[in-house]
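What follows is a pair of complexes built around chain A, which joins chain B in one and chain C in the other.
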Partner chain A sequence: MTRFFVIILRELRIGLRHLSDISAVLAFFALVATLFAFGVGPLALGDLAGGVLWTAALLAAMLSLDRLFQPDHDDGGLVLLVLSPVPLELVVLAKVIAHWLTAGVPILVLAPLLGFALQLPEGSLSGLLTGMALGTPILSLLGALGAALVLGARRAGVLTALLILPLVIPVLIFGVAATDPANGAAPVLFLAAMLLGALALCPWATAAALRQSVL
Partner chain B sequence: MHALANPTRFMRLAGTILPWTIAAAAVCLAAGLWQALVVSPPDYQQGETVRIMYVHVPSAWLAMFIYMVVAAGSASFLIWKHPLADVAAQAAAPIGAAFTAMALATGAIWGQPTWGTWWVWDARLTSVLVLLFLYLGYIALVNAFDDPERGARAGAVLALAGVINIPIIKFSVDWWNTLHQPASLTRLDAPAIHSSMLVPLLLMAAGLFMYFLAVLIIRMQSAMLVRRSRALGRVACGTAGPQA
Partner chain C sequence: MTAGAPPLFSGEDIACQRGGHELFRGVGFALWPGDALLLTGPNGSGKTSLLQVMAGLRPPSAGRLDWHGRDIREDLAAHAGRLHHVGHRTGSRAILTAEEDLLFWSRVRGPASRQRCLLALARFDLLRLKDLPVQALSSGQQRRLALARLLATPADIWLLDEPAVGLDRSGLASLEAAVARHRGSGGIAVIASHTPVELAEPVRGLALEQSGERVPEHGS
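Now for the complex of A and B:
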């Protein structure tokens, strides 16, 4: 268990040393939201704000996936992680948690600010934040699977998005539904169920993908 | 089943049954089209447009069935390392993508006169669209590596992860209140469809299934020939290492 936290701390330390990566993701998130503001026009914006913020968050999360396994794959550290006594599934989980802390949480923090800028309706903010708090870990879990599958592939970045974006459509549907207070608690419960399901299944699939990449 | 994992034996058997599947596909499709377009009655509500069903429904069945073929081949490739299973999965995927595209296209053409819209974002249509993206993602991933073996393994993991979409497609019409109608054939009681429409539907399904088998065999045969010629090329160039 100590080793588990050691891996999380290592990943966090690496993440914090590359602060420019985190700020690039956040800048991209804000920029996509701004593009929508210009593209849609200020009049229709209020109703669309929830969907715009979710879409921007999905795209920004895609952008940060290449630093999950690619650096370790390039310098050979991945082989050591596969060979280490810690089960690979736990290594994956530790990396996912660190990725969520350095990519998901900053998005979550910036979201209310962009919500104000996009004229998000008054009652929607709590739903947006609850939905994103449950949804962004799912993005990290599924994204880890995509990032592990494309290790060593040509045009890996585009490929990750192509593989993962269709799979996160349900997260987007229920996340946007959660921003409408009229929908009650059902979308939030769906998101929580998907998070638990992804938490149970994704580390195994990702570990399988990592093993076959270093064989 | 394991006896068939021998490539030589498989190639011999495939060559024997290929003409029969082609003949069966031709007979079933001809009879099915004649039944569907001439014999079967127009629907009392939808009129002649109901005939789209005889292409739409079998395509959708095959789209899901072929994904299960890809997934089963991938699982057998990952677990038992059957090289033929991987060939089968890769050969089946583009056929499945084509049937998915056909189900979506015929559904849109059918939806315009009956629902009044080409497309709605309901659960059934969206999950089938996701199936198409899964097929395309699988094909892209398999071909994205310089080492074909590596692409095959990555694609197999992805195909297995995508299986979660199949029950979502199947049960989406029961779980959510969608515009798409629920299943009328695979019910515990009698099918909710008259035999004058059921017969052409099943004939078309059988014909398209035989067509799938025939194309699958042809694609697998050519994939095996490509592998053999690649291996021969390596031997001829003298680059066959100890691992080859």
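Now for the complex of A and C:
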């Protein structure tokens, strides 16, 4: 179990030394949201804000996926991780947790600020944050699967986005639904169910994909 | 050597395919505690692949490998736990310092001790560089760091793929001393190297040849 935390700590340390990666994700998040604001105009913005923030968050999260496994693949660390006594599924889970802490959480922190800028209706903020708190880990889990599948391919970043974005449409739908207080708790429960499903399946599928690409 | 005793680590009739063609077949070896096996062969003859097969990373297309007479595929995780594999790529992350990197890998493998890591760094003359990020090290120093992992945690089998690439004379001497100590304590070393590595006798040899199955490079 200590080994599990050792891996998380190493990933966090690496993440914090590459602060520009984190800030690039956040800047992209803010930029996409701002583009929507200019494109839609101020009148219709309030109603759209939830959807805009979610879409921007999904796109921004895509930017951060290539740092999940690509560096390990490039420097040969992946072989050592496969040969380590830690089950590869747990290695994946540790990396996903570290990825969520360095990509999902910053997005979560920035979201209320952008919500304010986009005139998000006041009652929607708690729904947005609850939805994103459940939705961003799903992104990390599915994103890890996508990143592992395209490992070693040319233009891997684009491929990951093409693979993963269609899969996260349900997250988007329920996430946006959660921002409307009239929908009650149902969308949040759906998101929670999807998170548990992804938590149960993604590490195994990701580990299988990594074993394929290790050589 | 130890006549009569069954070998500790052995392979029988191993074949390996890569990219649809057969690299080698009918390869076998038998190693007892303290043995060294030197893999030789031209580029592309499958030395790296054979080392990956020995590590359990790559399934052989035929044949079997045994540890203590039991097929390693019965428990690949246990097999991975008893070996060190040093490949072409060093496995060190550029942004971490040398000490952080070595400590991480020894903690993941266990049993980790900082003392042992520092000693391993010292053995490969990296102690004064331990706080430098890996990206600031030269390629020979990065190779030393990868080799220091061999000493940071114990393992029965060392699988070394071109370990001497980029090493200077003193680095090579450190490597040879490390291998000698490892063998002295009953360890097994399998080395593929084009650079001559001086090994104490007895050294077993395994020569891989250019595969006959290969499509001729010059069209007829």
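Definition applied: the second predicted complex is superposed on the first by the 214 of 215 C-alpha atoms of A that agree within 3 Å, B and C clash if a C-alpha of one lies under 4 Å from a C-alpha of the other, contacts with A are read in each partner's own complex, and residues count from 1 in each chain.
As a convention for this text, a contact is a pair of C-beta atoms (placed from the backbone, for glycine too) under 8 Å apart; a residue touches a chain by one contact, two chains touch by 3 or more.
As the structure is a prediction and not an experimental result, all values here were calculated from the model.
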Ask   = Given the touch rule stated above, what does A:177 touch, chain B (first), chain C (second), both, or neither?
value = neither
Task = Have a look at where A:98 lands relative to chain B and chain C in the superposition and call it first, second, both or neither.
result = neither
Query = Counting only touches as set out at the top, which of chain B and chain C does A:209 meet: first, second, both, neither?
reply = first
Request  = Could you say whether A:3 touches chain B, chain C, both of them, or neither, answering first, second, both or neither?
outcome  = second
Task = Go through the superposed model and pick first if A:145 touches only chain B, second if only chain C, both, or neither.
result = first
Ask   = Once the complexes are superposed, what residues of chain A are shared between the chain B interface and the chain C interface?
value = 215
Note = Within the complex, chain B is touched by chain A residues 145, 149-150, 152-156, 159, 162-163, 165-167, 169, 173, 205, 208-209, 212-213, 215
Residues of chain A defined as touching chain C within the complex = 2-3, 6-7, 10, 13-14, 17-18, 71, 74-77, 79-87, 214-215
Key: Complex contact set, residues of chain C against chain A   = 52, 55-58, 77, 80-81, 83, 85, 87-96, 100, 104-105, 107-110
Task = Show which residues of chain B lie in contact with chain A when the two form their complex.
result = 78, 126, 129-130, 133-134, 136-137, 140-141, 144-146, 150-151, 153-154, 157-158, 160-162
